[in-house]
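Have a look at the structure that comes next, please.
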Amino acid sequence: LTSADIPSDAADVGLLSPERVGSPAEAATGDRAFLQAMLDAEAGLTRALATVGLAPVEAGAAVTAAARAEAFDVRDLALRARSGGNPVIPLVADLTAAVDVETRPSVHRGATSQDILDTAAMLVARRTLRQVLDDLDRTVAALGALAAEHRDTPMAGRTLTQHAVPTSFGLKAAGWRSLVLDARERLAAVRAALPAQLGGAGGTLAAFHAYAEADASAGNLSTDSGQVRNPGLELVAAFAAEVGLAEPPLPWHVLRTPIAELGSGLALTGGALGKLAADVLLLGRTEIGELAEPTGGGSSAMPHKANPVRATLIASAARRLPALASVLAGSMVAEDERPAGAWHAEWQTLREALRLVGGAARQAAELTEGLRVFPERMRANLDLTYGLIVSERLSIALAALLGRGPARELTTRAARTAAEKGVSIRRTLAESGLLTEHQLQDLLDPAAYPGSAAALTDRALRRTAAPEPEESP
Amino acid sequence: LTSADIPSDAADVGLLSPERVGSPAEAATGDRAFLQAMLDAEAGLTRALATVGLAPVEAGAAVTAAARAEAFDVRDLALRARSGGNPVIPLVADLTAAVDVETRPSVHRGATSQDILDTAAMLVARRTLRQVLDDLDRTVAALGALAAEHRDTPMAGRTLTQHAVPTSFGLKAAGWRSLVLDARERLAAVRAALPAQLGGAGGTLAAFHAYAEADASAGNLSTDSGQVRNPGLELVAAFAAEVGLAEPPLPWHVLRTPIAELGSGLALTGGALGKLAADVLLLGRTEIGELAEPTGGGSSAMPHKANPVRATLIASAARRLPALASVLAGSMVAEDERPAGAWHAEWQTLREALRLVGGAARQAAELTEGLRVFPERMRANLDLTYGLIVSERLSIALAALLGRGPARELTTRAARTAAEKGVSIRRTLAESGLLTEHQLQDLLDPAAYPGSAAALTDRALRRTAAPEPEESP
Amino acid sequence: LTSADIPSDAADVGLLSPERVGSPAEAATGDRAFLQAMLDAEAGLTRALATVGLAPVEAGAAVTAAARAEAFDVRDLALRARSGGNPVIPLVADLTAAVDVETRPSVHRGATSQDILDTAAMLVARRTLRQVLDDLDRTVAALGALAAEHRDTPMAGRTLTQHAVPTSFGLKAAGWRSLVLDARERLAAVRAALPAQLGGAGGTLAAFHAYAEADASAGNLSTDSGQVRNPGLELVAAFAAEVGLAEPPLPWHVLRTPIAELGSGLALTGGALGKLAADVLLLGRTEIGELAEPTGGGSSAMPHKANPVRATLIASAARRLPALASVLAGSMVAEDERPAGAWHAEWQTLREALRLVGGAARQAAELTEGLRVFPERMRANLDLTYGLIVSERLSIALAALLGRGPARELTTRAARTAAEKGVSIRRTLAESGLLTEHQLQDLLDPAAYPGSAAALTDRALRRTAAPEPEESP
Amino acid sequence: LTSADIPSDAADVGLLSPERVGSPAEAATGDRAFLQAMLDAEAGLTRALATVGLAPVEAGAAVTAAARAEAFDVRDLALRARSGGNPVIPLVADLTAAVDVETRPSVHRGATSQDILDTAAMLVARRTLRQVLDDLDRTVAALGALAAEHRDTPMAGRTLTQHAVPTSFGLKAAGWRSLVLDARERLAAVRAALPAQLGGAGGTLAAFHAYAEADASAGNLSTDSGQVRNPGLELVAAFAAEVGLAEPPLPWHVLRTPIAELGSGLALTGGALGKLAADVLLLGRTEIGELAEPTGGGSSAMPHKANPVRATLIASAARRLPALASVLAGSMVAEDERPAGAWHAEWQTLREALRLVGGAARQAAELTEGLRVFPERMRANLDLTYGLIVSERLSIALAALLGRGPARELTTRAARTAAEKGVSIRRTLAESGLLTEHQLQDLLDPAAYPGSAAALTDRALRRTAAPEPEESP
């Protein structure tokens, strides 16, 4: 990315992506990060070749030393990627030119472009997901604190947009947390399984066999060739170890489970955070006012208007992720040994999905850590329906007290009077003379009808993030 | 579904769905199957209520006895579902009317529509996936046999539509099998985790508390109420056990991980089978002719034309599933305690996804069990490029034999002559006089350049389906 | 669809589709309606063959007489569709058997399955869209009346969930109407262009030429064969006329513009109605209460809770339609002369999209015709922000009155006091002593800050539905 | 985009987007192009304000002079966009600072961020589509030439992957051209209708009224205020004229027809080009060899392998576009007067869709202009089925010659012998002794069974691009 080569107009630097601009996930997914990951893959390959005797040990070190993204011109690589349809072809040329003559035959030896690009994508995913998991952990922690603090804070439970029965803000926050944990566990599992890619031109690893044969016949092998029983399989294991990814049982050029699973894990995370954002947006509406973002975004037109920017950006990401995941799932239908189009459709799609989730996770961490909760407003809203919010309890309790028939008659009348005339249920019941003041007091208190909200919250909070698979260094 | 009520034109009986018509998955997902599952949920609820003392034991038996789908009019229920927006409301009315007066208060006691419909959807999914897993197992077995049989059958490896290097049909079949196993494991895991749903009106289980209180105050409790510490949580456990689904840690009315995961598991399966179908379609093309379906479909216009119907129907399903899964992932963004639209968008979408996968899995089992393989055609096609298919090996070997410069010159010339004039590489090389007949023989035999194909096939075949979580009866 | 053949469990009769059950669109898209449309296509083809001399005139009448869906067994056709992968193959067999021996050779003569199924799909679309357009017209009319009535009804304009500036309910309703008109125009244009399909086995119409030759050589031609210059092209024109669809310039077996455009038109309609539904859902929330559905849906758990069922079902449809349209757009990538999968993926997808839009349009008509509007609640909500909703105007006006610096200082102070302490802006301004009572009165009246709302409403209402292309009978 | 501010890793310069890198569409859609379009919108607004008397004429000139993207730091704007959630907020600050003090009040006067960003998006779309239409015109011209040249070049028509009946390459090319024309017409119509956006904070244009009042009261109006009857509506017209976009009847902040239509037009184009690419990929497969790209892409692993890079990149774009369009259609469901998320989800999605289509259109122009056609290979492939490709004609002709029964018996036998034993139909028929040599010759010549292929090609070529709406300068 030398400045001279940056075109006036073509570069994207985040102007249309406020949800992720400046985030670690953005940096981990930019073109230079992808370039570095491709270089890491190339260097890992040469080192692995050396490990199994298919390259000099010095070559591994030399390629590793040369494999610094700053030394390459990203835009120039991008432009030269057009003729072959992928950026590895020009990169191999430049990387080869960047090392000494002895090392050159050991660059990209036996590999195909997809080996490098897929491995790079997995490295980028692995690095980005580290950031994502950390931000999800922050979110889980913040939501856990909110749930614990508001375990007994009553608020209106709303269904199909209408007040239904009371619930607690603690239970709501515990539910959000539970979703985020679901996403976190899924992403962590996906991340741990991200495989290296190595198959050679047709997924048979044949070139590595050919090189082993050729080296043997030429007496070039730097290690005892007797050790190499299957240079292909051994190399795959060595390569995976070098790049710090899982060893794939088969080359997966056209067995795209890792990509599809990554896509669905990212969509799941988008959905989990999107649910949270949807609730924050609703509960923060002017008329409801039960929640507010830490600090609202300014408006270009209206002074003093505080926009729920973080929730908005999360909501935006959640709208886009399912479609991106659908492209990745669709790309499983990849014909032959390497496909013409299905693979190419994954690159930018996966990058954008990683970025959106990275951005949304960052926004969610900030949102939840600073979320402002207004219990008094929650309490006030519980009274908006003149007591209707406890009508379920009332109908149950009155049936026991008065018998089913009279109870139904009274409840229906009280509810109708409340709904239509705004006369409180308490008043209608009191006028009926059928209940004591104490009974009225208890039956009509929304806070006295929590059901299992507290117990469910407690149970949900006992769940913690599943232990993550051990990190390779 | 009484015949009198079936509208002339509104019913779908599979006319546009040949991929699944007549399959077990179709029967497991039809309206009557959904109705039965809803009834199973209602019956399970009443039995569970009895277990925790919130209903008479006899009520559980009575509702269970009444809960036979044949006794209800599906179309009438569908029509009456309009006013409330879901079919549980009229169903509860009809089920209540179908039991004796004593039992009536125990029908749907304390539940909300979504408790029943979600539980029913999980039951339908569980039952359908049993069929799907069985068909995937058949497919895995068939592909395993093909891979073993053709472990050493050479064929052209194709990349970006062009012959690249040789591979084996065994490795290709092993790759398909690996994908199907991925899908199978994912679906089995999703299936084992499918949860019952029970939360009551707002997800707090409050009505069950209210009933417990009311029963206690009325002295109605049939069991020692001292045992009931949290009627809500206990009931959830009892309900899950009764319906044979996992116990949910929280009501998941708006925590839709199970649905999103089901969707992505189904899309993964569609992708896995779609890859297989794409290859079968390509390799069975008139000009390629390496594979053929067991028996082709007839054509309405052309006698004797054998269409690859099964692969076509699988390919069709694979095109639709990612979009359906994207709707399910999008429905995670479900506001409040129960949402207005996100939930409703899941029903038909999930049903169609289950059916498509059920149909595709059935087609795949039949396709792979009867797949016709033509090794001689594979062998013949390897020669189509006049030896170019081994040019990778050639360039590697010649460099060792002749030195890099002369080798490159010779390889380039031979390849160009082959590509442009159709003169075989063998002839150009023989004319060069640089190689012995024996060397030529070995270097130019596509079958002698398998790389790790056999070893990879063996390794892939050692993988078997992960042990499935224990089945509840 | 004989009752004996309806499988216990496989039929769908609308149980999971309350948005469309019982609607005209449902009946127009059911399996029997598709069957009738296929029969109409077959009958139209035989009549067209007669027109151009490729069949006896009597055959046209005979096939037309036999082409009644009631006479065929839909489920049996569906089951027999499996082997060939489409329902036309068994249908041709049954239709042939249903006519006299002389007529039989004229059934399906020269056609391919896709000719019939595509034509049938276009007929179904054409018939269903007639219903949809009528319901959209009802909706446009209802919204026009609402917009006119509430041209000057002030309400809060909300942006990013927060009160921003006042608007009018008339402008909002006019905006909804404008969207519905957009959708209506698009659907009407798509509908008018729906083409018949006729291409024969490979899209060259060759069989019709062969029959013409064969008939000529056999002396069978019932009309002067000298008239038939291009039997293929003439037949296409005659066929289109017979079935009442547009004449296609080319067979479009793999030129799927009509399907993709239908899909995007349906998604546009879903989006238009979905916007309306989203606003109704929000404005009808318990805390906002500015709108209500004509009559709410009942709840199974809570007496007296009125759910916004119609808006919910529209919202549900709007969530699903973009994904369905994406499948149809994706099916444009249809290889060869007729594709293996892309076409098959369209059938059920298109049907479901038509049904969803048909159902949503019906719901929207009912919703808008009976929408309850509460102007007093709108007015009350305008005061919720203590005057902040006119802060834009205030800052502009005060700058003119007091100069920029003092104005900004005062506005900021007043807004902050309002936002943070709930002290009305009026009070802060009054205390400042800088404005007269009359100035305060005018500047702080939300109803006095309508901008162009009324003029925009008037302009929008002057737009009427574009004249529809003439209907063929 | 000052080089100092470009982050090491965050920028995208096309490394993963070979389909569009270096194309005019890329430059027209980059961050700087968007920035310039935003600046154009701001400058157009100030000029329009001047036109209607709401700003000094000099201010329009001053803002226009300052509105050069090079003068602003794109990355810094992107970073500062986070707090408010959109890039217009910091841009207004910087643009204001860039003009003289007198002009400052006229910058962004009365507008909202969405006015500027939506107008900018429409300008970007308008500019990009100009490039796209030009490339589609090139493609149409190239396909027209191919269709004319190969009007009578016979090739195998293929259905469900199998040879069916003969067709011509001319008809195939004419079909592609027809699709591209469909897309071109749609995009041209969408482009002509792209509207400016101006509504102010809540879509009522109220701020402009307030400014008009304030100016009037302050005596600041530079023109006779008597002329301004509705400053809002007049300003919208003036603004649209200044920026060269259509005048919108209503502010369309939440009436997103233009975006949804743009999305579906782009998906249609992707589908049209994707169909072409799918066929090129198939017909260029090693075994088929009827077409080849102008110059193939190199391979990193295999010398001399020519990959169909352009078709591959088009196919990739076609896989992604339907999903992007689905996001845009989904964003129609935008609540309130300006939505929290639906709008934000459009930005990057629309940009990517424009770029993909721009890239695909460029690739398609190059592909079709240089497409290599091999008629002799087409002819050879016609013989692959031993005559089966004319079996349709045969069965029709023999029935006329021999009577239905004997004809069917003979055809079936010949076809079966051909399909199963590879014995040519000609031989079986000759051996039957029922046909003369001359009859055999004619009946079995695939080139003699073109049907209406030539006539259809001619008709299709008579269609030309609909005259484009007049271009504003």
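Worth a mention:
When the chains are written out, they are named A, B, C and D in that same order, and each has its own residue count from 1.
Just so it is clear, contacts are C-beta pairs under 8 Å (C-beta built on N, C-alpha and C of every residue); 3 or more make two chains touch, one makes a residue touch a chain.
Not measured: the values here are computed from a predicted model.
Touching subunit A and subunit B together: C, D.
Most remote from subunit C, judged by the distance between CA-atom centroids, is A. A count of C-beta contacts for the chain pairs A-D and B-D puts A-D on top. We define each chain's centre as the mean of its Cα atoms; on that basis subunit B and subunit D are separated by 34 Å.
Taking each chain's centre as the mean of its C-alpha atoms, subunit C lies 23 Å from subunit D.
Listed for subunit A are residues 85, 112, 158-161, 164-165, 200-201, 207, 277, 281-282, 297, 299, 301-302, 307-309, 312, 315, 318-319, 323, 326-327, 330-331, 340, 392, each touching two or more other chains.
Taken as a contact graph, the chains are fully connected, with every chain touching every other chain.
Subunit D makes touch with subunit C in their complex at residues 85, 112, 157-161, 164-168, 171-172, 174-175, 178-179, 182, 186, 200-211, 213-215, 217-218, 220, 230, 232-233, 249-251, 254-257, 260-261, 264, 267-268, 270-272, 274-275, 277-279, 282, 315, 318-319, 321-323, 325-327, 329-340, 392-393, 396-397, 399-401, 449-453, 455-456, 459-460, 463. Within the complex, the subunit C residues that touch subunit B are 1, 3, 5-19, 21-22, 26-28, 30-36, 70, 74-75, 77-79, 81-89, 92, 108, 110-113, 200-201, 207, 277, 281, 297-302, 307-309, 311-320, 323-324, 326-327, 330-331, 340-345, 347-349, 351-352.
The touching residues of subunit A, when paired with subunit C in their complex, are 156, 158-165, 281-282, 284-288, 297, 299, 301-309, 312, 323, 326, 330, 381, 384-385, 388, 391-392, 395, 411-412, 415-416, 419.
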